[in-house]
Structure formats: structure tokens, C-alpha cells
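Encoded as C-alpha cells, the structure appears first; notes follow it.
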Amino acid sequence: MDVIFIQLLNGLDKGAAYALIALGLTLAFGTLGIVNFAHGVLFMLGAFCTVSVYKVLTISEKVLDESITFFKAYKEIPYLETWWGETGTMIIDYAVPISIIFAIPIMILVGIIMERGLIRHFYKRDHADQILVTFGLAIVIQEIVKHFYGANPIPIGAPEIVSGSAAIGVFLGLGENLVYPWWRMIYFVFSVVVIGGVFSFLKYTTYGMVVRAGMWDREMVGMLGIDIQRRFTVVFALAAVVAGLAGVMYTPIVAPDYHMGMNFLVLSFVVVVVGGMGSLPGAVVAGFMLGILESFSSMNEVKQILPGIDQIIIYLVAVAILLLRPRGLMGRKGVMED
Amino acid sequence: MSDFKKFNRREALKLGVAGAAFIGATPLFFNKDAWAAGFANDPGNSKSVILGFNVPQTGAYSEEGKDELRAYKLAVEHLNGGGDGGLMHTMKPMNLTGNGILGKKVEFVTGDTQTKAPAARDSAKRMIEKDGAIMVTGGSSSGVAIAVQGLCNEAKIMFMAGLTHSNDTTGKDKKRYGFRHFFNAYMSGQALAPILREEYGTDRRAYHLTADYSWGWTQEESIKNATEKLGWTTEIPVRTPLTQTDFSSYITQVINSEADVLVLNHYGKNMNDSLASAVQFGLRDKIAKTGKKWEVIVPLFSRKMAQGSGDDIKGILGSTNWNWSLPDDASKAFVKSFANKYGFPPSMAAHTCYVQTMLYADACERAGTFNPAGVIEALEGHKFDGMGNGPTEYRAEDHQCFKDVLVVRGNENPSTQFDLLKVVKVVPRAQVEYDASMFGGDLGPV
Amino acid sequence: MNSQSKNKDIRLMAIFSVIVLTAPIWLEPLGASYPALLQKFAIFGIFAIGFNILFGLTGYLSFGHATFLGVGSYTAVWSFKLLSMNVIPGVIFGTILAGMLAVLIGYVSLRRSGIYFSILTLAFAQMSYNLAYSVLTPITNGETSLQLALDDPRIFDAARTASQGLPSTELFGLKMSGYPGFYFCAVVLIIAFYISMRIFRSPFGLKLRAIKSNQTRMKYIGFNTRPYLLWAFVISGMYAGLAGSLMAVTDPLAGAERMQWTASGEVVLMTILGGLGTLIGPIIGAGVIKYFENIFSAFNENVLHNIFSFLPDGLENVVVQVAGLFVGSGWHLTLGLLFMIVVIFLPGGIVEGIEKIRARFRRTSPASSSEKSE
Amino acid sequence: MNKTVLHLDKIQKSFGGLRALADVNLNIEEAKTHAIIGPNGAGKSTLLNVCVGRLIPDSGHATFDGKDITGKDPHEITQMGIARVFQTPEIFPDLSLMDNVMLPALSKRDGSFKFNPFATMRTQNDIRDEAVHILQDVGLDKFLDKEAGSLSRGDKRRLELGMCLILKPRLLLLDEPTAGMARHDTNQTIELLKKIKERGMTIVIIEHDMHVVFSLADTVSVLARGKIIAGGTPEEVREDPIVKEAYLGGAHE
């Protein structure tokens, strides 16, 4: 019982991450008709916003380390700690939440630059061309990040106060072995809030309505005389922010490295397609579904019956769904079929 | 250095012109020319000799690879008489003079293994076929090491393994032309076992999370055997894919199991991620179902990994080939030499790579030739000291180095930023030795 | 007109054969004339030619072709382990098995089109890759890669190879490493190119192109498009299997990395970089990418300092610093930039670029339109 | 009375709640030109889609030459002898004009599937001549090697017609063959169609342009809200008060 419950939580958590990334991806699909292979990189850039904020907060003074006698070694003491003592340490501790504030404008900027500089010129090109150019861009950005931050993962913890686990088993009366990390729960709640935010933006603002109309019929909206180009920039920036925020919040869970986006890219594409190309609810549902399935399939009990199932479950489900429902769970006819 | 490169290019051009004259027969002409001599890539009358440094420059182990490359460059500098000479002051026996190897200046080429066996072999092939490397060395994964070792053996080129910890490298996949200085999983198990008994007692149940490939399997087996001898029991091991980054669904099952010790047969980033998940789920503060406190063991540990895991590694036991904080003269000399050049102390990967290069050069000097037949003979059964691991022997039967093994613990109170691992015990060589036939394999002919 | 274009094809084949067979000579000044790289040019050329038959002709973008490459490699190595070190059975089995797998995957994936097709192939490829790394390790030997061993049965020539260490692959006694290996691959490449040319010129090829151009119309002039697509998929899968088995021929080792989706992506890039749907483009693309990968990644600071040694010292250092970003471990950056540039400015790939340059040089006699498809 | 080529029997088709075709019965006679007219959304295109296998009717049967074709795939129906010209020209824009007509010729000769990767297009002389001939018929023989995508809209339509003709169909379905054409082009097309008709081709034509209908059609059916409300010769239909009410009347407003 415990195990099932905790796998469910895990699945929801994973699903939230998938859904969040897939959401931005499918937004770009549905509205802009662009197959963005650089979307994973946006996620990675979000995570590296956190890394950068952390690095800035921990800019340090080099002090000769006298405890090392072999060679001249320097100790690094963050200026923040030197200046403000405890307060400084606390600020550094809160690097992840602080990064959110910085990540939003940065990701908006990245989104605008990407859309105006590159993506815009590819709306009318083949999907294959779009895939290639964004894939090329992804490699370039990755290499640049690698050049500045190295290839090793850079661990950044969640704030001390939420770094442990919550004894939800005790709380729910399910025994004390049922624990769940605070930060993962925060991540889940955060995801739900962001997803809800995006949906209400699309549903309740006029801006959003135009975007939704654009998802249905781009030419029609264009004919209404609305400056569709600018809306597209906004949509792309929105997708970038969603992916970036997902990245920021993900840093305490898995230490970010320059390649993390690519790992998520393939998966999030599968999620988007399973959900139905261009369908926002589809992406969210598919994200959660695949997350939960993956989580359950990695249980030992399951693996003993079906060895290797945890390795292929997502793809197996993807194949099955695409064969049974040609356009994914909630896809519409005619989107991305040529 | 640049002189040589120019020379090489000019030479290549000259050959190209000559080739144009021979149109049809040219490729065979090259072929004969390259292999006609007594052994592959004989430097002949050339004033220099080329070594191939094949390390991961991209992918998950690239930071380790870069450190290896630093060590190699340092070794080349020392061999050519530059720098402070490093271990040339402490090495015993020592036949190096600082004027290269056998009077030939040491040059090198580098390649990227990408931590992938086929890519590593491609890169090694290029070194052998194009650059004329006389010896290939490097790597930071057993899969790669075994693959490249096989290739070198076929090409009859010396291979001095870098970081590789699988029993197979000098066990079932051992090769006549391959030599390993690094220790292996079996030794880790033997070295760790007594400490584990001391620290955690004899009534424990271990849960293995194992990277699903040959190194993981041999380590899992070695640790399982060693701990079961203590009286521990073992849960059915769980294999995790190498590409896994989020281990939460594995860790939750660990917590709900009947075990009380978690053994992470993971290396590099894998280990950073799995340990991070374990810490997030509060494993290290919990009491297991057996009533004992949960413990985590990382049998193969390195400072680079410790750096990647931050605070999570505090108090965790593991074993390592070498650590920069060792107090012997050789280690001190090496750290001084390395750290003064690069600003931080070397990793164990850097150490083993540096030592391998020096041992190869020394063996050439002793053999008086670059001919692998002679070099192999000089290395087999070679006993040496003053390289940071105490008295060491290259066993003739399997080309494995036997030396003391370090059991380390993640430092609870690091006094410096580099002081991440604390040496708990230096396990003497006798305790980790085993019979050469234990892991099977066959070196094959020279 | 007929005999003229036939003569043109013969001329093309002759020129192509000469260029391929003399590659060791004319690649010498580029520093690319060594067996391992030459073999790779030929092998990836074959892979890309085959991929182009699917993607270039029908427009169906598969993201899973590396699977067939991997299967070809594994099969060939198993053939070396179990049967004989002769390369012929290895190549034949590798190609056939890849073809059989392609029938399976193609049959399912081709039920969908567009990006859905791509994702289906990607899903199959990821499954194969993940399984090769985990449950299938008894067959694939996991991360360590499948290799020859001294105690392999090798039923047909065990007696001959038992005594002297690990045997090497051979073609009736001729060792398949080094230059002989290259010439073997080169001959296979020429045959593969010839077959591809015949397909391009055949009604079958025309129908494939027509599917890309307008599948609806194909159906309404009475063609059942699915078997055509399946054949194209299987042929390109067999080309990939052939390439994979040749990899095992030149180096008897097979690793699961060959099946990773990035490897599938690589062949897409090769095809597009060279010129999608053109005969010769994919080979050029394969050559350029493999050249970059091997030569650029091996550059280090010393080499750079040599190249730029003619510059004044201060400037040299700056130039070397900047150039250093793009070579060695940074060669991926070069690759990424390269195909961004190609996709943005030269959607038709390198072949289109050459056409443009040629057209500029002889503006008076415009290039004939039929040449465009070559 | 002529032989019936196509017979539709109580065809019904709904999309969601919307009924597009309700109990449609229709007989197409050999060597006659039959026009189907009706206001927008009357179900004309749906009817054609049912005939060529693009849509499967919810109930009812379509019989072609005495054989049931309901539920068959488009290529099967095409192979049986029904060719269709679409409202927006469906050609192979990336291929040459010659290839555009060679393809249906191949289909006619080799059937719906033939695996012949080692044959060569160069030696297909029999159908090559035929293709040139057809292109002459439709007046496009001047640029055999031109890319079809670069043609004008009218020329594209003519090309598509040629592609259908080379199939030598028993029944030719035309979906608004003159829509969007200038008067001059329309007249040219009418002349061309008349020529085809004279050769004994059975034609079904959907058309808005009454000028075209009255120049070509032998019989007319009027479709409104998924039902056939009237039928007969063009003159009869023109005088039919129900039709005036439902369709022609509407057009005058």
C-alpha cells in the first residue's frame, strides 16, 4: 500500500515535470506550427539561470588556504558571507527561489531573441528544416553553456528549510515509512500553478483568446488584422518562460548539466505527440499519465514479471496510443500531418 | 613541440607529392611503408615519439577526462625534462633521464572517447593509423578501456589503461598488450569488508542499486561476495540504466525494503544523482525496518564525484585508488607538481594516468626499445615504488598492478575545499590479492 | 535523348568510382587519408544513401534508422563469433536481419504519417536502444559492447584461427583492416550508389517522389502507397544494416550507442547537409560530418598555434583562443553552427550550393534542369 | 436506355449531429454527362467523396459497373475506373509535367502496386508517347520538363484533367472544374470537356456556374440539405419551381 501510494506520488511528480515541458512545446506547435528541438535547451537554460544566480551570490574572495602546505591553495569565501554574515549565508541558501525572479525576464528575453532572430523565419518552412535548425541551435547553446560552466553537473540544494522529507505517512495514518521530499511536493504544486496560470491566461485574457483562435485557424486570425507576428513572439516567450521555470525548479532535484535538455527533449516530444499535437490539455494529461506509468513500471514487483519494462514503457504506450488514436489523446485533424 | 608538427606536416605533403606519382599503387605503398618495420609505428630514426591520449572530452565523464589530460601533459613535460620533474624524483627504480624516451622527444596526440566504446576505438584507430602513436592510454570507463584494449592488442600497440575498475579489464578480457595500474572491484570489496564489519557489524542486509553494465555487475558481485562473507545478506540487486537521472522511484523502494545498507554501484554523475535522490528522501536520517540506521556505501569513490555530490557524501564509506592528501613523499611531489601547474590537486584518475605514462616510459628505457615485445617483457612482473601507492607490482599473469588500497570516507568537516575524502585506512596489498586465474581470460600471444 | 542520359549515368558512375577509389590520394592533403576515416566515409556514405531513399524520395522522416545500423553490427559480430571470420556471411546476415526488423517497424510506423510517423520510429528506436542496454545484454553485451573472444565457437574456421590470439575479419584470406578494409567498403559503396541510382531512375523511384509531392493524388490515380512506402523503408533499413555490418567488418565490435537517437539524428543531418533527395548529396554530407568529427575533434592548442604561427604573437594567442572554441572538445559547436548555416542559407544542402556556384560561373549556359536531381 | 455505370442506393452520411447526405439515390448512365448542382453545404463534395472511397457512408451502397464499391480504398476504386478532378488541383507540384502524366499511365499499365526498382523510366516508351499525346490534348505539350508547381491555376486544372484522362476511366468525376477561372479559361475548359464527352466518356460534374452546366450536362440532379430534390434534363430542372425556390431563387438575391 505504502509502495503504491509513494509510486503514485512519484508518478505525479514526474508527470508534472513532463507536463510542464510538454506544455511549452505544444504551445509552440499549436500556435506557431513550429517543431522546436531547442525546447529542451530552454529548460536547461532555466536551470542555468539558477546556476548563474548561485554563482553570482557566491562570488568569492580568494584567501590563501594555510591549512594546505603542499602548494599554494586558495579558499573561496563568498563576499556575501563576509559582508553580511548569517544573512548572507541565508541569501545563498535561497538561491533557487531567488532565481525565479531573475529567470522570468531572462527567459522572456531568450524567447524573444530566439523567435525574432531565428524561429520566425521558419514558420513557412518544412518541419524537417525546423527540426534541423532548432537542433543546430540546441547544440550551439549547449556547447556555449558547456564552455562557461563545464560538463559536470553543478548541484544546488533547495533552501535548508525544505530540504528534508515530510512524513506524510504519519499525517495520513499510513505508517512512518511513507515519506516524501518537501521540494518534490513543492515542485508538483508549482507545476500545477504554472499549468493553471497558462490555461487561465489563454482562457480569460483577450490576448489568450487570440492565441487560441490562432491555434484553430491561423489564416483567419491573420485576416482579422491582428498583429499576429507580435502575438507569436509573446507565445514563444511564454513557452520559453514555462520551460525555463520548470528548469529553475528542477535544479534541487537533479543537478543540472549542459546536456539535461536533450534527455528531456525526446521524452517531451513523445508526451506532446501522445497528448495530441497542439493540444494543451492533451499534453498535460499525457504528461501525468506517462509519469505515473513510468513510476509504476519501475517497481521491482513489476520488473520481475516483465524484465526491462521500465525502460520501454513510455515508448510502448506511445506506440499503442498512436496506433489506436491516430492523432494522440486529444489531437485535432490536420495538425502536423504533412 | 611546434617544430615537430611542422616537420610532420611537411613530411605529409612530401608523401602526398610522392603519392601522386604512384597513383594506383599509392595506398599500398603507404601501407607497406607504415608496417614494414619490425613493429607497428616504429619511430625509427625520427627525433620524437608519439603517445596517444584517448580521454573523454565530451559526455558525462568529460571532467575526469580533462583531468587525465592535464596529468598526461604534465607527464610529457616531465619526460622531456621540463617542469619540476614530479615523480621522477621519487620513482624507484628510475631509468628516466629527462630527455624524452630513449633519447626521443615525447610528442602526443589527443582524442575524444565520448565515453562510448565505438567512438573510443575510432579515436584510437586514428591515433594508430594516422598519427603513428606508439602507445595509447586513457579512458575513464571500463567499457571503453576493454574496447580500446582489444583494438590495441589487435594492432599490436601498447595500451596503458586509465581509470577502469571492472574486474574484466585484467580478468576475462585481459590482453597481452594491455596494462592496468588502477585497482579493481574485487579489491574494493576486499578492502572495504573489514571496515564495514567494524563500522556496521555483521548482521546487515544490503540493497544494491547497480549501473546496468559490466563494471556495475562486477562491482556488485565483488561487494556482495565480500559482505556476505561477513554474514550480511543481500536483497535481489536492482539494475538501473546508465542514462537514468532521477532515481526517486528506485529510492522509494529501497526505503520500503527489508534492507538497512544501500550500496550504490554507480560512478560519476550516476552516483551523484542516485545519492541525491537518497538524501532527498531522507534515507540517511532514517531508521530501517530492521531497527538499524540506514547506511550508504559507494564502493568506488573519487574526489571528483565527492565534489559533484556536495554535502551529500559526508560520512559515506568507499574505496579509492589514490587520494591527494596521502602523506608519502611521492604523493606530495605529484600533488605539488600538478597543483602548482593547474591550481588544484589532481584526481585519482589524473594520478593513475600520470603513473601509467611514467611506467611505460621507464619500461621502454629498461627494455632499450619501443618494440612492444620488449616493453611488455619489461613491465611484466615489474616491481616499483615511489609512485604514491607504496610498493607495487605489475603481475605478469594478468597485467594488473597490486598495491595498497585506500578506504575513504566523505569528510564531515572538510578543512579545505579539496579536503573532501578522508582516508580511513590504507589496506595492505596482501589483503586484496587474489589468484590470477580467478577471473578467467587469456592474455594471448605477443 | 534517351541514350544521351544513359551515357550520362555511365559517366556519373565512372567518375564516382574513380573518385571513391582514389580517395586515399586526394584526401591526403586534407589529412584525412588513413584507413579508419576512409572506411567511415564509405560506410556512412552507404548509410546516408539508404536513408535518402526513404527521407529524400518519400519525405518520410525516420528518427530510428540507427536501430538498423546497430542490428547490422550486432548480427555481423555474431556471425564472426559463431560462424566464420569471413565477412561475406556477416554482411549478408546483417543486411537481411536489419531488413526483417525494418519490415516490422515499418509496417507499424507507416500506418501514420508526418511527425507521428517520426515519433513512432523514434519510439521504436529508443525501445531497441534501451533494451540493448538492459534486458538484451546477453545478446548485446551492454555497455561493454559485443566483441570477439578467444573461446568463440566459429564453427567454420575454428581450427584455422584457434592458435594465434584473436582472429581478424577477412575476405577469403585477405585481412579486412587497414586499406583492404577500405577498398572492400568502397566497392560496396559503389554498388550501393549504383543501386540507388537505378532506384532514382526507375518508375518505382518516381512513384516514391510522387508520394512525397502529393500522396492524395497518388491514391487517386490508383496507387496503393503503403507497400511503396514499406519497400522504401525496408530498402533504407537494409542499407543501414549493410552499413552497420561493414562497421563490424572494419572493426569487429558492436555497441548500443550506435542505436541511440542522436545517431539517427546524425544521418538526417548528413542527408540534409549534403542535399536531400539528390543522388550524391548524402555522401557528401556524410563525408563532411565525419571529417569534422575526426579531424576537428583531434585539433588541440598546439596544432592551432602551428596553423596560426604566421600571425604576430599577441594576435596569434587571441585567434587561437577563439578558434579553440570550435575544435577539440568544442567541435560540436562547429557542427551545430554548420548546419544552422546550411539550413538557413542553403536549404538544398551543399549540392545546391555547388549548383549555385556553377550557375554563376557559366551564366551563359544555364545548368540543365535534369541535373538538379542528381 | 443506356447502361447504368454508377448507382447510389440510399446513401447516408452524418458528421457528428450534422446530416450531410440523407437517403441519396442516384443513377449515372453510360456516356452521359450528369451535373449535380446545389447551394453551398448541400453535400455535393461529400457525395463525390463517397463515390471515390474517401468517405465511408454510414449506410447505403454505391455500385460501380455492377460491383459494390462502398468501403473500398480510393486506389481500388480508381483502379476500377473512377477518376476524380479535385476542386483545388491535386497534381505533383515538384515533378515535371511529363512525370505528372507518366505516373497515372504507369498505374493504368502496372496496377496499384509494382515493385520495379531496376526498371528505368527511360525505356517506358509505350506510355511516354501516350503521355505526350495527352499533354497535347490538354494543350500543355509545350513545356514537358517544366515543374508542375510553376503552372498557372488554369493550366494546373488542365494538367489534372490530363492525368485523369490517361487513366482511361469509365467514369470521370469533376469537382467544380472551372471554379476561380476567368471567362476565357472557362470557355476553353468547356470546349475540352465537350471533346471528351464526345468520345463517349461518362462524366459527373459538380458545378456552380450554370453556364457550364447548361453547356455540358445531359441530366442534372439538384442536391439541397443532403437530399436530391429534383432531377431531369437541364431544361426541366430550370423550370422546376422547387429548384427555383431552393437554389436558383437564392442565387438571384
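In order of appearance the chains are A, B, C and D, and numbering begins at 1 in each one.
Definition applied: contacts are C-beta pairs under 8 Å (C-beta built on N, C-alpha and C of every residue); 3 or more make two chains touch, one makes a residue touch a chain.
The model shown is predicted, which means the values in this text are computed figures rather than measured ones.
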Path length in steps (a step moves to a chain that is touched) from chain A to chain D: 2
Most centrally placed chain, judged by C-alpha centres: C
Furthest chain, CA centroid comparison against chain D: B
Gap in Å, rounded to a whole number, between the CA centres of chain B and chain A: 36
Between chain B and chain C, centroid-to-centroid distance (C-alpha), Å: 33
Chain B-chain D separation of Cα centroids, rounded to whole Å: 74
Residues of chain C whose C-beta touches two or more other chains: 130, 133-134, 332
Residue numbers of chain D (touch at least two other chains): none
Set of chain B residues in contact with two or more other chains: 58, 62, 241, 243
Those chain pairs that satisfy the touch definition: A-B, A-C, B-C, C-D
Footprint of chain B on chain A - complex, ascending: 2-3, 6-7, 10, 13-14, 65, 67-68, 70-76, 150-153, 155, 157, 163-165, 177, 179-181, 183-184, 252-255, 257, 259-260, 263, 294-295, 298-300, 311
Chain C partner contacts - residues on chain B that touch it in the complex: 1-2, 5-6, 9, 12-13, 15-16, 19-20, 23, 26-28, 30-31, 57-58, 62, 109-112, 116-119, 121-123, 125-126, 129-130, 141-143, 146-147, 150-151, 153-154, 166, 168, 173, 176, 212-215, 239, 241-243, 442, 444-445
Chain D partner contacts - residues on chain C that touch it in the complex: 2, 5-6, 195, 198-199, 201-207, 209-210, 212-214, 216-225, 227-228, 231, 235, 369-370
Footprint of chain C on chain D - complex, ascending: 52, 73-76, 78-79, 83-84, 86, 90-95, 99, 102-104, 106-108, 110-124, 145, 163-164, 167
Contact set on chain C toward chain A in their complex: 55, 61, 108, 111-116, 119-120, 122-124, 126-127, 130-131, 133-136, 261-262, 265, 268-269, 272, 276, 325, 330, 332-333, 335-340, 343-344, 347
